[in-house]
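Chain IDs A, B and C follow the sequence of writing; residue 1 opens each chain.
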Amino acid sequence: MNFRTIEENIFKILMFISLIAVMGSLIGIMAVVLIKGGAALSIGMVTTPPESGYYLGGEGGILNAIVGSVYLASGATVLAFFISIAIAIYLQREFTSSKAAGIIRTSLDMLWGIPSIVYGVFCFIVMMYLGIGTCLLAGIIALTMIEIPIMTRGMDEAIKMVPPELKESTYVLGSNRIETAIKVVLRQGLPGITSAVLLAFGRGIGDAASILFTAGFSDHIPASLFDSAAALPTMIFFLSALPSPEVRDRAYAAAFILLSIVLLISLASRLLTNKFSRYIIK
Amino acid sequence: MKILRAFISMDSRRKKVVITTKLMLAASALVCALLFVIILILFSGSLPLLKQESIINILFSSFWNPGKGGFGLYPIIIGTVYVTGIAMLFSVPVSILSSIYIAEYAEGRVRNIIKSFVDVLAGVPSVVYGMCAIIVLVPLVRDYMAPFLGATSTGFCILTAGMILAIMVFPIIISICVDVFRAVPNELREVSYAIGATKWETIKHVVFRAAFPGVSSAVLLGFGRAFGETMAVCMVVGNIPRLSSSVFEPGTTLAAFIATNFGEMMSVPFYYSAMMLMALILILVVLIFNIIAKIIIRKSYGGGGR
Amino acid sequence: MPAPQIVTRDLNLWIGEKHILKNINIEIPKKEIAAIIGPSGCGKTTLLKCFNRLIDLTENVKVKGKVIVDGENIFDPDIKMIDLPRIREKMGLLSQRPYPLPMSIYDNVAYGPRIHCRLKKKDLDETVKHYLEAAGLWNEVKDRLKDPATSLSVGQQQRLCLARGLAVEPEVILCDEPTSALDPNATRKIEELLVKLKKDYTIILVTHTLRQAKKIADYAGFVYFGELIEQGPADEVLVNPKEKLTKEYIQG
């Protein structure tokens, strides 16, 4: 046993401990949410909005937050989709010079790192300037800004992997750049594009900081784009801070629902990616 | 006019190309401009306060009492540094060591399983982390760690915030580092083995050194994420804008402060400006770290692409 | 000899700093198989890509000289990017490795026709069948037209690409070493198809197998490190060349 082996063994142990810390954290989080959340979960929670006094232990559920989250994340994902796919297609060599593409990609990278609360503050300023109060639409726009860098990055990666020869073989058929982009490039890149969209959706449904001041909060299910809207993350945030333990249990149940949705999306992404790979060339 | 006439005389297929291309350009330009617009608007929002007091005063004064015109951001900034610092202290060694294991020691299937774990961790929403921190870490600090070190704490303190933040930063550093380690060409490792080095020595002297720029940039990006993280921190940090003398005391960070106090700012003059300034500081610091990370990558791995 | 299909005048091409094509003056006859032979990596494929301006997609390309297709210089500086599809329609391309589009067999062949005209389903079915027959693939795929194109063997994929290219009714078929990825049986099928097709199409075949050129070419050009050393009827260039370099290449 010399020094070299001892050093190696020490680090091996340290690595092992680190790995346990990482995996343990995840297992811990899932366990906490599952156990405490699952215990507090009930059908009533998922099917009714909160009645007055809900936050003090009264009757009701969190349907307002569930529906709000679905509206917010879906709206943002759809909006972000069109913008992101436009940018991702445009980043190809056929449309922009390498320099311009570099500028666009760098801008997206910078936007990717901005904390979501900054987007929330920014949208709030604009809202104030326009004289609108908190509403679903504002929340959707804030979330869209967060989703765009994530989605565009994933789509860009998928489209970059499309072999240039494939595109060339459509150009010789007389296809123009747009026809090729839509009919061939998107199809070939579909698995990657799908996972990018779902990844962004997962991020959108879980974000609280950006919708805190933009979508606001409400005990009612939003009926129009101009109503305030609660969402699962904001609901969890508020419920966790309340003094009564039974009410905090509801936060755990909400977290259970939210985490389940995120995990389901992850799973769906994997499944759809496999399904969409049927036609693509390898 | 000439352009319009040329356009109208185009057949419909070509029209589609022209219109679509212009739309795509517009989308790209919009997104590029967004960054500047955000910074500009935050800056103009901060101006009233900046005109009122000097920036040095604001940044380094500890007098925080908005009702009495006290906008010393120093405690909040220091709080952010503490929390982020603790998070990075825990996270960087653990993440790098895990990455080394995943990239160099684990085999195919095991590696995939661990990578899936890390990906799931990355997707967990911030509020869920915060909630788990309340359930697990707060009692841990309050009932075990603080008394063990002879301090008292409610558990809602800088340490707790740092700890949960560390966990949140794992996936960022790990996923980049694993990719960077795997990208080191095998020839380098073979050369090292040929000299008679052990696996660990190869990793320490060859692989890690080759991957160092990538690892640095991963750490910088992780730092940026930690600096700006809002929800989980504000759920456990105690939210008191005071200079804390120990990690077991409550504090606050820029992001957490904005989230908690945003509602109050309307009534107090200059409070709004102060908030804008805080958001501006947030975005600028994060941007600087991101830019440095990018420069490191570009310099070490050659230009071109991400 | 009737008017050639394609003529290049003093064609020079640079990729970055490298001078790839040097003063090429080639004449490609109509409705014959013209083989372009020469050692690997000396510009044959680049020359081919000039005929339909596919070379535009490569970075850092500079072109001087003319490429005249049916009397029109396709490298005329007045031609804009948006005109290129029209220019490219005249030529079909068969590349080294078949690149089936990520769709069904039917959709691959139908891709071109769908873009260019609005056909009723019955007519489209007829068109697809016609060109799959022309490529000698119909019998093998008629029962599985909706299957992914990737489910075919490499040889079948290459014939599918041929059918796909024919479906837009080009005048010229550019072939870039189309059989290099195929086994001898599939190679033979492609060679027979090309001979059958030259009745209706001008075929330009880049190949580095002399055997193939000797077997099916009517006209030949020898390109050596970017220069066109010799061109003429296949019997002359491939059997009894005039130039020394050509002789050395032929003899091996």
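Quick notes
Following the convention adopted for this analysis, contacts are C-beta pairs under 8 Å (C-beta built on N, C-alpha and C of every residue); 3 or more make two chains touch, one makes a residue touch a chain.
Small disclaimer: the values here were computed from a predicted structure and weren't measured.
Counting C-beta pairs in contact across A-B and across A-C gives the higher total for A-B. Centrality by C-alpha centroid: the chain sitting nearest the overall protein C-alpha mean is A.
The distance from the centre of chain B to the centre of chain C, with each centre set as the mean of the Cα atoms, comes to 53 Å. Centroids built from CA atoms put chain B at 17 Å from chain A. We define each chain's centre as the mean of its Cα atoms; on that basis chain A and chain C are separated by 47 Å.
Within chain C, the positions touching two or more other chains are listed as 82, 115.
Multi-chain contact residues of chain A (touching two or more other chains): 98, 176, 179.
Among the residues of chain B, those in touch with two or more other chains are 13-14, 17.
Residues of chain C that touch chain B in their complex: 82, 115.
Residues of chain A that touch chain B in their complex: 4-5, 7-8, 11-12, 14-19, 21-23, 25-26, 28-29, 32-33, 36, 83, 86-87, 89-91, 95-96, 98, 102-111, 113-119, 121-122, 124-126, 145, 148, 152, 176-179, 199, 202-203, 205-209, 212-213, 233-234, 236-237, 240-241, 251-252, 255, 258-259, 262-263, 265-266.
Across the complex, chain A is touched by residues 52, 54, 57, 59, 82, 84-86, 88-89, 91-93, 95, 97, 99-104, 111-112, 115-116, 148-150, 161, 164-165, 167-168, 174 of chain C.
Residue ranges on chain B touching chain A, taken from their complex, read 13-14, 16-17, 20-21, 23-25, 27-28, 30-32, 34-35, 38, 41-42, 45, 93-95, 97-98, 100-102, 105, 114, 117-121, 123-132, 134-136, 167, 170, 174, 198-201, 221, 224-225, 227-231, 235, 255, 258-259, 262, 275-276, 279, 282-283, 286-287, 289-291, 294, 304-306. By the touch rule above, chain B contacts chain C in their complex via residues 10, 13-14, 17-18.
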